[in-house]
Amino acid sequence: MSVNEMFSGIQGFLSADQDVREDIRKVVQGLEQTAREILTVLQSVHQASGFKDIPSKCQRGRELFCTVRSHLGDLKTKFPAEQYYRFHEHWRFVLQRLAFLAAFVVYLESETLVTREEVTQILGIEVNREKGFHLDIEDYLSGVLTMASELSRLAVNSVTAGDYSRPLRISNFINELDSGFRLLNLKNDPLRKRYDGLKYDVKKIEEVVYDLSIRGLAREPGSGGEE
Amino acid sequence: MSVNEMFSGIQGFLSADQDVREDIRKVVQGLEQTAREILTVLQSVHQASGFKDIPSKCQRGRELFCTVRSHLGDLKTKFPAEQYYRFHEHWRFVLQRLAFLAAFVVYLESETLVTREEVTQILGIEVNREKGFHLDIEDYLSGVLTMASELSRLAVNSVTAGDYSRPLRISNFINELDSGFRLLNLKNDPLRKRYDGLKYDVKKIEEVVYDLSIRGLAREPGSGGEE
Amino acid sequence: MSVNEMFSGIQGFLSADQDVREDIRKVVQGLEQTAREILTVLQSVHQASGFKDIPSKCQRGRELFCTVRSHLGDLKTKFPAEQYYRFHEHWRFVLQRLAFLAAFVVYLESETLVTREEVTQILGIEVNREKGFHLDIEDYLSGVLTMASELSRLAVNSVTAGDYSRPLRISNFINELDSGFRLLNLKNDPLRKRYDGLKYDVKKIEEVVYDLSIRGLAREPGSGGEE
Amino acid sequence: MSVNEMFSGIQGFLSADQDVREDIRKVVQGLEQTAREILTVLQSVHQASGFKDIPSKCQRGRELFCTVRSHLGDLKTKFPAEQYYRFHEHWRFVLQRLAFLAAFVVYLESETLVTREEVTQILGIEVNREKGFHLDIEDYLSGVLTMASELSRLAVNSVTAGDYSRPLRISNFINELDSGFRLLNLKNDPLRKRYDGLKYDVKKIEEVVYDLSIRGLAREPGSGGEE
Amino acid sequence: MSVNEMFSGIQGFLSADQDVREDIRKVVQGLEQTAREILTVLQSVHQASGFKDIPSKCQRGRELFCTVRSHLGDLKTKFPAEQYYRFHEHWRFVLQRLAFLAAFVVYLESETLVTREEVTQILGIEVNREKGFHLDIEDYLSGVLTMASELSRLAVNSVTAGDYSRPLRISNFINELDSGFRLLNLKNDPLRKRYDGLKYDVKKIEEVVYDLSIRGLAREPGSGGEE
Amino acid sequence: MSVNEMFSGIQGFLSADQDVREDIRKVVQGLEQTAREILTVLQSVHQASGFKDIPSKCQRGRELFCTVRSHLGDLKTKFPAEQYYRFHEHWRFVLQRLAFLAAFVVYLESETLVTREEVTQILGIEVNREKGFHLDIEDYLSGVLTMASELSRLAVNSVTAGDYSRPLRISNFINELDSGFRLLNLKNDPLRKRYDGLKYDVKKIEEVVYDLSIRGLAREPGSGGEE
Amino acid sequence: QQIREERDGNPSSAVMLAFKTFQQELDTKHDKYERLVKLSRDITIESKRTIFLLHRVTSVPDVEEVLAESEDKLDGVKLKIKLIALELIGEDLYQYHRAFTPGIQEYVEAVSFQHFIKERSLISLEQINKDLIFIEDKKNEEPEGLSSDSQDEKDKPVCFQVTPTDYLLGVADLTGELMRLCISSVGNGDIDTPFELSQFLRQVYDGFSYIGNTGPYEVSKKLYTLKQSLGKVEDACYALKVRGSEIPKHMLADVFSTRAALVESDEGIS
Amino acid sequence: QQIREERDGNPSSAVMLAFKTFQQELDTKHDKYERLVKLSRDITIESKRTIFLLHRVTSVPDVEEVLAESEDKLDGVKLKIKLIALELIGEDLYQYHRAFTPGIQEYVEAVSFQHFIKERSLISLEQINKDLIFIEDKKNEEPEGLSSDSQDEKDKPVCFQVTPTDYLLGVADLTGELMRLCISSVGNGDIDTPFELSQFLRQVYDGFSYIGNTGPYEVSKKLYTLKQSLGKVEDACYALKVRGSEIPKHMLADVFSTRAALVESDEGIS
């Protein structure tokens, strides 16, 4: 019967869709696991002993990003490229987290702001929507904001670890970031809310710098910076 | 300043996105207007006088679909093809409505179930996701279900208008449709809910056929069918 | 203190506003009471016995509209004439209800659609905003839609009372109304929602006419149809 | 310590209060159990076979109301009479349910509307607040409204059971009830909402009577058809 | 007609009830107004300048409580004493607020916890339910908890105003209060939720004291530091 | 009637179930009372004066755990041993709280992390599910996390009390705990949420240590650090 | 200044060792939970498919064929339930209950739907549980060996116990399917099934009213839907009765068989 | 049988004619409403941009420049408000109030924010309304000619009246921006602004408490956020005070100017 045949075909479509979502979910679980591992590695920089071997921690983080790339490579094969936004919600959260981790590694390595291009290179994905699996600008910015609050914690802990110049450098960096965000017209969306939190990070870091200043501990920006 | 430049660029992206949504909204408003006009034309078939000139009403409907095609052609130019699902919510509702109207026209013309391919031809869009702006399968099915309930109304009114064979033909058609839907594994999604309504349409039509049968008015399926 | 003074001023405004609203609320309560009384009078037409003395019921309804006019005359004195829309929400509901009652009386009397002018005469208010306390077009239309659903009930009950021609007349009337409404570009406002309900009334009446047709009870449109 | 002593005293108060509530809850549980039993007995009138022995079902229901009276007698002893409203929420629901059951029994027995006085006699409680544990007017009305919707179900099922005269009697009764309620000035409270439901019951029953009328099934109450 | 008569009687009851509620609402509005005035007076202690003349602010607050007593005296006359809980919701909120204000005045005057007896004296009402219009224990406790959070704000602002010893006294007071509350077996009611907030107040104040201690600013209550 | 009988059987099961739950609830209330008493005893260590006699407070806490053991012994008798998880929700909360209290006592006594075995000994219950009433691993971990946030508060208050070495020891302890938790693959369950809160405790303690470091108050880790 | 030296996770400290065992315990538990969730999902899908299949009885010529097919499907579902039972050996059933309750409820719905279509009665909880006792063949069966810890366990039957609550919830959902069956029956001219269904649904509804709010919250929540389903079925019977009043009963069947010929298939059930 | 002939929309029937006038009236009204919504949206966007711009005063060397730029932006906004005023000539303001209230509230927020930065005081409703009186030049102005019905109207000034409620709601949102300004100030080492802000916010908070729940619902709803903002500002002042206690006041300025040099810019407002 013709109508019946038509509907059999349609059922095929519907089942395929559910299978795709199932596949995506599985890959995303793996990604989340790896992201947690990278986080554990990078967070150990907050510990007194951690300040010594930041480079080796970054090294280890970079290695784990290989696994990320392989997961993401896998993910791309699970659905047609042009349906990115159809399934976006499935990986949006983990992608923001990975953007944060990439931004943090790059900052620890070079004290610069990772560009969106760099993040996509680290993750092995595209910058441009047209080219395929990419990083949405909102997700990139969200990752950057998460890093900012990690840096305010780092400023506090570097003082405890006896590194008095790092807070000043962090302060300058965060101020620049803040100016950048002020250029954006954010609507009342999740990003705006997260951006409001940046001000508290700025404030906290400024207090650390202040504490160092009044004690004359912050004068050596040129000399003892690397301890 | 480098960070500032980066963020200026980002702001460009964000503004562009809002502009795209604004553009889409405008085109969709026009589409809704045209869809309402087609509906008015087609609904007049329920009136006693309407049964006479179904062909001319379909003709008029077909003409209005030209406007629809031009609107949809316009819509496609408002955003990159691969971001269909990014903006899907904006046009989903009107697309379902247009699918219904196309299905209704085709039924009135030939008493057959429009295929998804035919709908896309009438609307001037694609069948396959890969090819560009297309009709999602769920949206097509939703349109078909809306037509089913329009047909149950038509069955009632054709009796009033003295056409006793049409309800039987509608009944057969709807039964076939029902069997088709039974092949689908619908989850508890909006479509499932709408499908549950189909049973009431089936029942209503069956009652009309029953009323005709017990009065011996339904015997002429071969002869007077086309009136 | 300057900030303090400013807030005192605003508080003064707010208190005055509340007093006005309190006054309005009291008058509106009286109006609602009278509207309920008219409703009770008119709804008795649905009873088998009610069909006999529709004229006397209309008469009684007309008398109660005197009280309505006096309440509305009172209402006008409670606020500055040009601020109608500031307090609109307070009386909008009851005004729609009164428009419905006026439309119902007129329909029962003459089987015609009450005009907006007639409603305002019955209520003793203005048609034009500029002239003073008036009837908003949306409120008038809303009242008309309420009447439509009352008429679908009347169609059902007139069959029960053995009057088989009235449903056909109602059907014609409602269809004309439906055509009228289809001329309007209703947006997604409350009126649109109420208009969507008209579909069900139309359908219900169609089914009554269908029931009469199939039993051959609807033959007398020529003779007593216009009554 | 003074603050501690104060709070010890307060804890005494709170414990006593909690004990009272615990006691009340237990009695109310028993009441709910009995109410469910009465409901089960009375609900069986909807069964095709149930129409035959309505009197015996009412009889059985009346017996169970003895248990209700004993529970309620118990309840009164659990708290000071003047704190009725303090604990009202605990028994309000079950009291409304019992009012419904009493109204239903009385209707089934005599096809009349139970008065509040009768309900209080059946439940063994007071009419007047001043006298002690009483039935709030709102709770009485709520019970009556529940019965109305049970009657619309009864109208449907009595037709199925072949009793074609009952729906007409129910229709008259419900119309009278509806007029009664229209005398009340209900605020936007739960009762108002429930009353809005009555409209649907009225309409539903009218449609049942209509179905009978159009098929000539509603004639056999002999003379009283026009009543 | 019997049903109609019944409902007329019922409407009488309902109107009387609505009138009582209307009367109560009016008095409560006055109470709220006065409560807001007291609040404005007491809140000014947070101003830098406010710390100097706390006694005169308390004085002014005490005077306004006269108005409160007169309002409450009026309120009692509006309904039968034994129906306190029937209308409780109308004044519960303002009574909790007044309890807070009384507690705050007493704390500012003497840095002690107001007893329930004192609150009822300040408000001119009864302690015991049996005696008439009283203060429910839960409402008293709720007022006390509101004061606690006001005190945490006071601790912060007194530091800003240069008063370094007040936070320590507040901390001790709040700790005692916390112990007191821990004696209570609170159910999952609103009070429990509000009590959970007390933890944050305790912590906040402790952090203030900490900030003072680590900077050596908390030494000057002389001997009493360890108290 | 067969369906009836089936439901009677099930109703019997449900009643029995409710009785068991009622019994359990009563015992759990006693447990909660005792837990609150222990909490009051232990929380007094936050007071300036409390730091002196931590041992005696621990002693007192230990005594109260006898009552806990007797309550828990009672609880075991209320339901079949192998149905622990059927009623788990009833005591889960209080058991987590008791685990916290046991962990806190042990920490105060020895500055070590209580093991799960120790907790079960203190509570007089089993470690293994097979052996009987036991402590779920998630409940143990949840108790440990509650202690962590209590320790962050203790770090703050020990500075106030002039003990500058304790915060450092707490910091080390919490960091070890944090490392431990990072080993666990917590899913999106309540425990995960609670663990996310640990971040804030870690941060808070880091800030205390920072405050001490920058003021040169944290120099004595060598001498009194292990106490 | 290096005040916090060496504190980060000394991997051999007592704390770290303890947490390593915790890790293992939690992972084991979680894995089992995940396996059960997966099984539950499979059971849900297959049960839903069975229900869909069973709805075809109103439109196909050969009811037995549909029933045979659904029997097969349910046998497959039972094998999955056996896997759950194996996972639960030695465990507290309620510990993992949340993992598999959706699947089990759906199974109850499917199996009671099939039972109703065949027997026109409500399957009992006892019957359902009896069907879930799986007796192992001595040796060669079950090569997967999911939990064959000890030799003597092999002889004991593996069984799964549906809880009364899951049974109730499944039956509550059954009523929705019965309502759909009723509407389809009317739509297909079956005039007996609706009356049987209304009789049956009233009994179930009475049963649920009798339990009322003494059951778990989810049950009371479904009461409203149940009442609506019953109302729809009663309305359908009413409509049949009213329309049937216009023609003698024996002619009705005639009318419908003519009608059935038109849709080129034999009469549905009956 | 053709019982319902001719009933469908006879286009010249009285009903259809009436509905054609309704159509016109509704469309006119709706179009005006839509135009006002569009204007309101534009005003919202530009006002938000102005607020964002004004936040830069805490981080740039030349405050005046920022203020001049924001003044320009607000002038642009005022022109849009004039368009609203022109639309409303002869209308009942409240009829279309819902269309433009969001934009006007945002404008109040922006203009009061600018006023505070310049004057450190609360702009009054009267002042805001005074700035919204637009006097037309006799002839050549306004070539758009949106509603130049009659000649004499040209001489009357067009003016827009912000309602007290919109003013209140705008001011309530202002407090959120002031809180952000305060946090940024602390972050940028400005030690006076926070104290001024806390003083000011307390006054506004007292004002809102005084109004309490007598105002419209939206106002009471914002009270909670307002209290939170105030709390954040008070906490910031507290932190400054506590930290400032460790160093004499005159040294503080010194510290911050050093600091300021580091971030390569002069002191912010001061």
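Going by the order they are written in, the chains are A, B, C, D, E, F, G and H; count residues from 1 in each one.
The rule is simple: contacts are C-beta pairs under 8 Å (C-beta built on N, C-alpha and C of every residue); 3 or more make two chains touch, one makes a residue touch a chain.
Just so it is clear, the structure is predicted and the values come from calculations on it, not from any experiment.
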Which is the least count of steps on a path of touching chains running from chain F to chain G? 1
If over half the contact pairs have to be identical by residue number, which pair among A-H, B-G or C-H is the repeat of F-G? C-H
If you tally the C-beta contacts, which comes out ahead, A-H or A-B? A-B
Chain of greatest Cα-centre distance to chain H: G
Go ahead and note the Å separation of the Cα centroids belonging to chain A and chain G. 44
Note: chain D sits from chain C at a C-alpha centroid distance in Å of 34
Go ahead and note the Å separation of the Cα centroids belonging to chain A and chain F. 34
Measuring from the mean C-alpha position of chain B to the mean C-alpha position of chain D, what distance in angstrom results? 47
Which chain G residues sit where two or more other chains touch them? 1, 3-4, 7-8, 206, 210, 214, 246
Two or more other chains in contact with one residue: find those residues in chain B. 47, 160, 179, 185, 211
So in the complex, the part of chain F that touches chain A is made up of which residues? 175, 182, 185, 203, 206-207, 209-210, 213-214
Of chain A, residues touching chain F in the complex: 33, 36, 40, 46-47, 153, 156-157, 159-160, 208, 211-212, 215, 217
Residue set of chain F touching chain G in the complex reads 1-4, 6-11, 13-15, 18, 82-86, 88, 112-113, 115-116, 129-130, 137-138, 141, 168, 171-172, 175-177, 179-187, 209, 213, 218, 221
Would you tell me which residues of chain H are touching chain A in their complex? 45, 48-49, 52, 55-56, 59, 180, 183-184, 186-189, 236, 239, 243, 246-247, 251-252, 255-256, 258-259, 262-263
Complex contact set, residues of chain G against chain F: 1, 3-4, 7-10, 13-16, 18-20, 22-23, 25-27, 29-30, 90, 92-95, 97, 121-122, 124-125, 164, 167-168, 200, 203-204, 206-208, 210-211, 214-215
